[in-house]
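Structures are listed in the sections that come next.
The following pair of complexes shares a single chain, chain A, combined with chain B in the former and chain C in the latter.
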Partner chain A sequence: MGLVGWTWALDGWIVVAATLCAMSCALLGSFLVLRGTSLLGDAISHAVLPGLAIAFWATGSRSGTGMLLAAVGAAIVTVFLIEALRRSAGVDRGASMGVVFTGMFAVGMIMIVQVADHVDLDPNCVLYGSIELTPLDQWSIGGWLIPKAVVTLGLTFLLNSSFVWLFYKELLLTTFDGDLADSMGFSSRFMHYGLMSLVAVTAVGSFESVGSILVVAMMVVPPAAALMMTDRLHALLWWSMGLAALSAVTGHASAIVVPSWFGQGSTLTSGMMAVSAGGLLLVCGLFGARRGLVTRWWRQRSFAAQVAADDVLGYLFRLEERAGGVGTTSAQGKVGSNPTVADVGLLSANLSQPLKHCQRIVAQLVQRGEIESHRDGYQLTEAGRHRAQLLVRSHRLWELYLVEQAQFEIDRIHDKAEAWEHVTDESMRQSLDQATSQTDLDPHGSQIPPEVSPPRT
Partner chain B sequence: MALESIGSTAVDSPEWTESLLRLLTLADYNSRIVVLGTMLLGCAAGVVGSFTLLRKRALVGDAISHAMLPGLGLAFLLATLAGGDGKFLPTLFAGAATSGLIGALTILVLRSTWRLSEDAAFGIVLSVFFGAGVALLGVIQSLEAGHAAGLEGFIYGKTASLSWGDLLAIAAAAVVALLACMIWFKELTLLCFDSAYAETQGYSTWWLDGLHMSLVVIITITGMQAVGLILVIALLVIPAAAARFWTNRLQPQVVISAGIGMAGCFCGSITSALFPDLPAGAVMILACVLLFLFSLLFGMEHGQVWRGIRRWQWQQALLRQHLLRAIYERAEAKSESQNGSIPASVEVSELLAARSWTRARLERLIERAQREGEVTVIGTQVSLSKSGLIQAQRLTHQHRLWELYLITYADVALQQVDRLADDIEHVLEPAVIHELERLLQGRTDAVPKSPHQLPESI
Partner chain C sequence: MNPEGPSDVQRVPVTTPATELGNKLPLQVWDLTVAYQRTPVLWDVAFQVPPASLVAVVGPNGAGKSTLLRAILNLIPRTSGRIQVFGNDFELQRRRVAYVPQRESVDWDFPVSVLDVVTMGLYREIGWLWPVRKKHRARALEVLNQVGIADLAHRQISHLSGGQQQRTFLARALAQDADLYLMDEPFAAVDAATELAIIQQLRAMKQRGKTCVVIHHDLQTVPDYFDEVLLLNMRVVANGPIDKVFTPENLQKTYGGRLTLLDEVSTAMRRREKSL
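Right, the complex of A and B next:
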């Protein structure tokens, strides 16, 4: 099932237009999602109606820049009304959006009936263009025939990205901490209205060429997917633009391909673009670097494995300590009574882990060269001893610290130290060492092993 | 054109009043059904909408109603493929309801699993589901041209022609929703105000959210089919938001919200019956919006007019207090220069230096204070009346106590204390004043001397 019927002259331009629109929307949408006004695109798509009616009443025509300007005007009025209701009357943000956009829509409907009784001024036809038709309406620019929509959407994208580039710092501050921004002299209100006006322009400009569903989807879904990938604003913007572009491309392709599986012709591209954005969101929700479910599960699993391996190494290290002296390889000759060697059964019993689990951990450790197999069990290698020594050092430093600095009872310190030893790095150990008294013994009387540098390989 | 069409209806007044009368008495079978159906819907949506608003999910109706489109298309497609009538209403109902519920569930999952914000979850469900529905309808239309036409009508509604069956469906939905809200009122209240506490009390927020979302689905599906998607969204949001201006308590909020929903639908449907040219749904939304605006202005609890009046009164009180203190301090300064004999009055022009007020403004202020019986004016001389003197003494006392406090305890420079005390003197409570007196050498009744120089008259 290939892309039968894909022609570059048509489909190429459709994808370009959709990609530009998707990226413009996703760029601004990232800020909308972070500010909790994700549904603004949807609200504007309904609220522009009175603008259209007024423009029609004034110009008597159904097309042209008059319509566009009036729609932008109505969208900006919407944005201001929503904000005014929220700020000065204390209406909940969602409710103020709902009141304003349904109200504006109703006013628009009534005006249209009055103004255009006999003319077809269905908002679905006037403003909401169909993306499939974009390649047909072309402008000649420098000898090149370029679809009108591509030019206007390209300009919109340029406008949006330069706004974000110029005011990046201000947007960052006002989005995350409006009060701090105000106290530092950036007007959070000014940035808010600037951003919202741009959203209005972008939304209206895009409705005309690609339809409203694409705008609403691209303002929310790619930014939400990007949130699964990263927590940093800069990366978030790039991710959300990239994902938006990707969903535009895959959306158009699947609009051609998917219906053909059922023996049908192609379906509406903008709908499929929204669906494929949803699919990408699902993928990111599962495998996203930051919040992906699978990623989170994998992270937990590998941490659990690291903790189990640490426990095995720590146990073997303590065996060696008890046998007196580190690395008593001289005991190798004796059969059956080597005190620094433990078999899986012994490990399983002492670490209270199931036998099977222990076998798997031991196999991994052998593979990594941190323990080696002997006739009657396993023993630390040089590398394993090094890791184990640091681990035990962390453990005992924590115990010392808890007793000396946090006034813990001596019988309560082991569990805490056991938990924290796995996440303590060298700088932390240094701080612990400095915070505790100059002693080589932990509260239980065991020797605190010295810091060692990694073994040379 | 607009004026003409309204004018032509209004000219023949006898017929017009007669039809209004017929409408108001619900004489017509058709208008009776429309009025009753929309009012029931308005009532139920107002009640459910109150909970959605308080759960900070005002736009959930928007998301869920859009999420019904793919289920609708799929139900139509499956029924047609199975050889049945694709537009058989119960099938479409079931399909739309299922996909609405899946949408609601998706919102809850997006919230809990990925910690996405409420509005982002709404936006995702709205656009992705609606996109899928649009794509599906595209396929259906290419499948059987003509046959599927009007399927969107299910979503966009047909208010003017509600049938008996529609009325029954709305009535059933309204009864179910109202009963559910009554039975689980306590649980829903807990969910809206403190879901974490509800969780600790052993209520599953999943279950309660699910219940709440199901109610929204029920309202949305019956309403959408009957009166259209936008009107349902409006009915879920506007009455509840309007009721917030009247009360801070939940029970009255729910009742008022239901009342506003009913009133809006009643006025809207009557008006649209009088002017058949107007789109009925839009008129009903507009009626609700007007009620919202009325509540915004005149609501008992948060109405903007009352708030404005209260603020204005407070400002006037502040200004008068400033005047009284200025007169007192001026008189006090004069009495010092005249060795203790307190002059009864001060010149109006002497007060000009006390604050940055213009002469006209000062005179207006004096006039108002005179009406309140706080000062008496003889020619250009102003003097404090008995009650004015008591007030002025109290204010000056508070002002200077605070100044002394700032100097003694807060290490504020002498030049700044007057300004700071100016802000605080109006809101000092007796307990605070008592504490200040105790701190500052036990001054009890007498007005302390000003710690700084008072402005001279010009």
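Right, the complex of A and C next:
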């Protein structure tokens, strides 16, 4: 292990606890994010505070089921108040959440400060947690010494994952279309309260170890990053949990390593976990398969390259047409003045593309075997001519269609056809052919080339 | 609590529920009043829907058409009134009713495929907690085939055109295999081909004895597409067979200025509530 200051007995448990907590949060968080109520996790994890304070005051202990029940109770009261305020006062859900959870949080803080005079319940601990202390407080289970936090968080994760596994279909339906769910007898309110109760349980289970701020981060950030990666719900849940686990591991590792670069001791694990989750979100935002900025830019670029290549083929095809018939000229080979050959300069001038750009496109086309190099330029190969013919056919069919069916002026059709020819496939050409009159000439009087099947290779 | 309205409004005779009108009527509504925060949106709505018919619900914006469907489905509380579906309470007949919400009511960026959405129509049959199985997906695919978009089954739903989204919703309703279909503007923003496909589906459903209550905006096509019409403007202006009820006078009453008083009183009430 290359990490200085890493001991498995301590750091191993910390990472396990952090991972379980992060995955529990991310799993539920995915549904919160999809419901457009990401901040409900925030609201609830703060609003359980008065519940905790009451339970603490009543039982005098900081652990146990009393705390958990009180927290779930407080969470349900919170959700109920948010909905009630939204309906009765007509404020939107975000505002209603803000009012209710800050109110609950403030009441909770006052209560904790009041009882904290007598007992040990530290508000700071609730906010920031103390995951570094995880390995110190252990339970003996079947001869194994396992940190209490790992047991609690393990149970929380088990609870959350079995809830999502059992109610997957119901969660999907009520999240996507609550009205339909209700009309079919799947109560969306029931699912809402169920989900919120688990959010409360998760928040309470995670307080001591990672603190409520990280709970909120783990409920929102990994699901948001996962949304950049996939467009299927089950994949989203896996991505979300995977990214959460990854940020837990890298979070703790970097909490140990990064400060030593600056000559400092290790820093807070929970803080670094939030930072690495943010880093992962950035990476997904840039490179995500579905919505990543770089991914989209790359897709646009490759489409632009395809369009440029198509234009070169189309131009060469029209040269051949002008020279007197498709496919008849290559045999003539009149060196020097071959009308079907164009050099890069000519292409660049006619397609209004920079010379350098044209050279790159031509090189690609040569490599793909769609054009071949001659002494004074380039000429279509069999394969290239085939593709070019289909492009030109698409172009002219569109022009015919626009004039005949959509009553466009003849001088307005070229640009549209030019843009659409690159995305027109065979079935679309067939439909176009059927929708237009049986003529061989486009509105400009050029021949519409026939459909061809791909050449044998 | 009859609001003052035109006295010559055509009304369905309101008799006592159940037995007298026969149990077989797909939908009967008596004296339905729905209010949002004490401002009524529907006043004393009463009508009935004959079996195996295509019924258009027609009226101007804000007439309470969507509210009517949502009230029938118990999605919103009603102030007063009584609704029976096949001679019974809706809760007992849920299985026989399918709802097609407005297209804009869901998030089309949601991470599901077209097939996933259509499979939702089978959830009630699958039941709480049971997972979706291969045979259910196969059924959903069959229905997609019926509405002509089987090739889109595995697309994510944001890649659909408006017409394809509408067909997806129709497929989901067909998968529910209900007897009464309540559809909120299935023809909104669809292309001509989709409109034709949908109306063909509706006619086929009628052939199989199904009943469709459809919110519709295009007055031109009402007589072509539907057997019955419910003219609605906060209250029922007229209800019955197209040839008897779909008259210029009734349309004038529905869309014309005669009910603006109701609008005015609503506004007045809203203003008063705000000032309190």
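The definition used in the following text is that the second predicted complex is superposed on the first by the 421 of 457 C-alpha atoms of A that agree within 3 Å, B and C clash if a C-alpha of one lies under 4 Å from a C-alpha of the other, contacts with A are read in each partner's own complex, and residues count from 1 in each chain.
Heads up, the rule we're going with is that a contact is a pair of C-beta atoms (placed from the backbone, for glycine too) under 8 Å apart; a residue touches a chain by one contact, two chains touch by 3 or more.
These numbers come from a predicted model, not from an experiment.
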Worksheet item: Should the superposition on chain A be reported as showing a clash between chain B and chain C, or a fit?
Response: clash
Fill in: Contacts of A:L227 with chain B and chain C, given as first, second, both or neither
both
Worksheet item: Taking the superposition as given, does A:G90 touch the first partner, chain B, the second, chain C, both, or neither?
Response: both
Practice prompt. For A:Y168, decide between first (touching chain B), second (touching chain C), both and neither.
Written response: second
Fill in: Touched partner set for A:L180, first chain B, second chain C, both or neither
second
Practice prompt. Would you sort A:L236 into first (chain B), second (chain C), both or neither based on which partner it touches?
Written response: second
Discussion item. Of the two partners chain B and chain C, which one touches more residues belonging to chain A?
Written reply: B
Worksheet item: What is the contact status of A:D11 with respect to chain B (first) and chain C (second): first, second, both, or neither?
Response: neither
Worksheet item: Of the listed segments of chain C (5-13, 77-85, 95-103 or 203-211), which one clashes with chain B in the superposed model?
Response: 5-13
Worksheet item: In the superposed view, which residues of chain A touch chain B and also chain C?
Response: 36, 90, 227
Worksheet item: Taking the complex as given, what residues does chain C use to touch chain A?
Response: 37, 70, 73-75, 94, 97, 99, 101, 105-107, 110-113, 116-117, 120, 123-124, 126, 128-132, 156, 158, 172, 176
Worksheet item: In their shared complex, at which residues does chain B touch chain A?
Response: 1-2, 5-6, 53, 56-59, 61-62, 113-120, 122-124, 126-128, 130-139, 142-143, 230-231, 233-234, 236-238, 240-241, 244-245, 277-279, 281-286, 289, 292, 296, 302, 304
Discussion item. Show me the residue ranges of chain A that touch chain C in the complex, using the header's touch definition.
Written reply: 34, 36, 90, 166-170, 172-173, 175-177, 179-180, 182-186, 227, 230-233, 235-236
Fill in: Complex contacts: residues of chain A adjacent to chain B
33, 36-39, 41-42, 46, 85, 88-99, 102-103, 105-107, 109-111, 113-115, 117, 213, 216-217, 219-221, 223-224, 227-228, 255, 259, 262, 264-265, 267-268, 270-275, 277-278, 281, 285, 291, 293
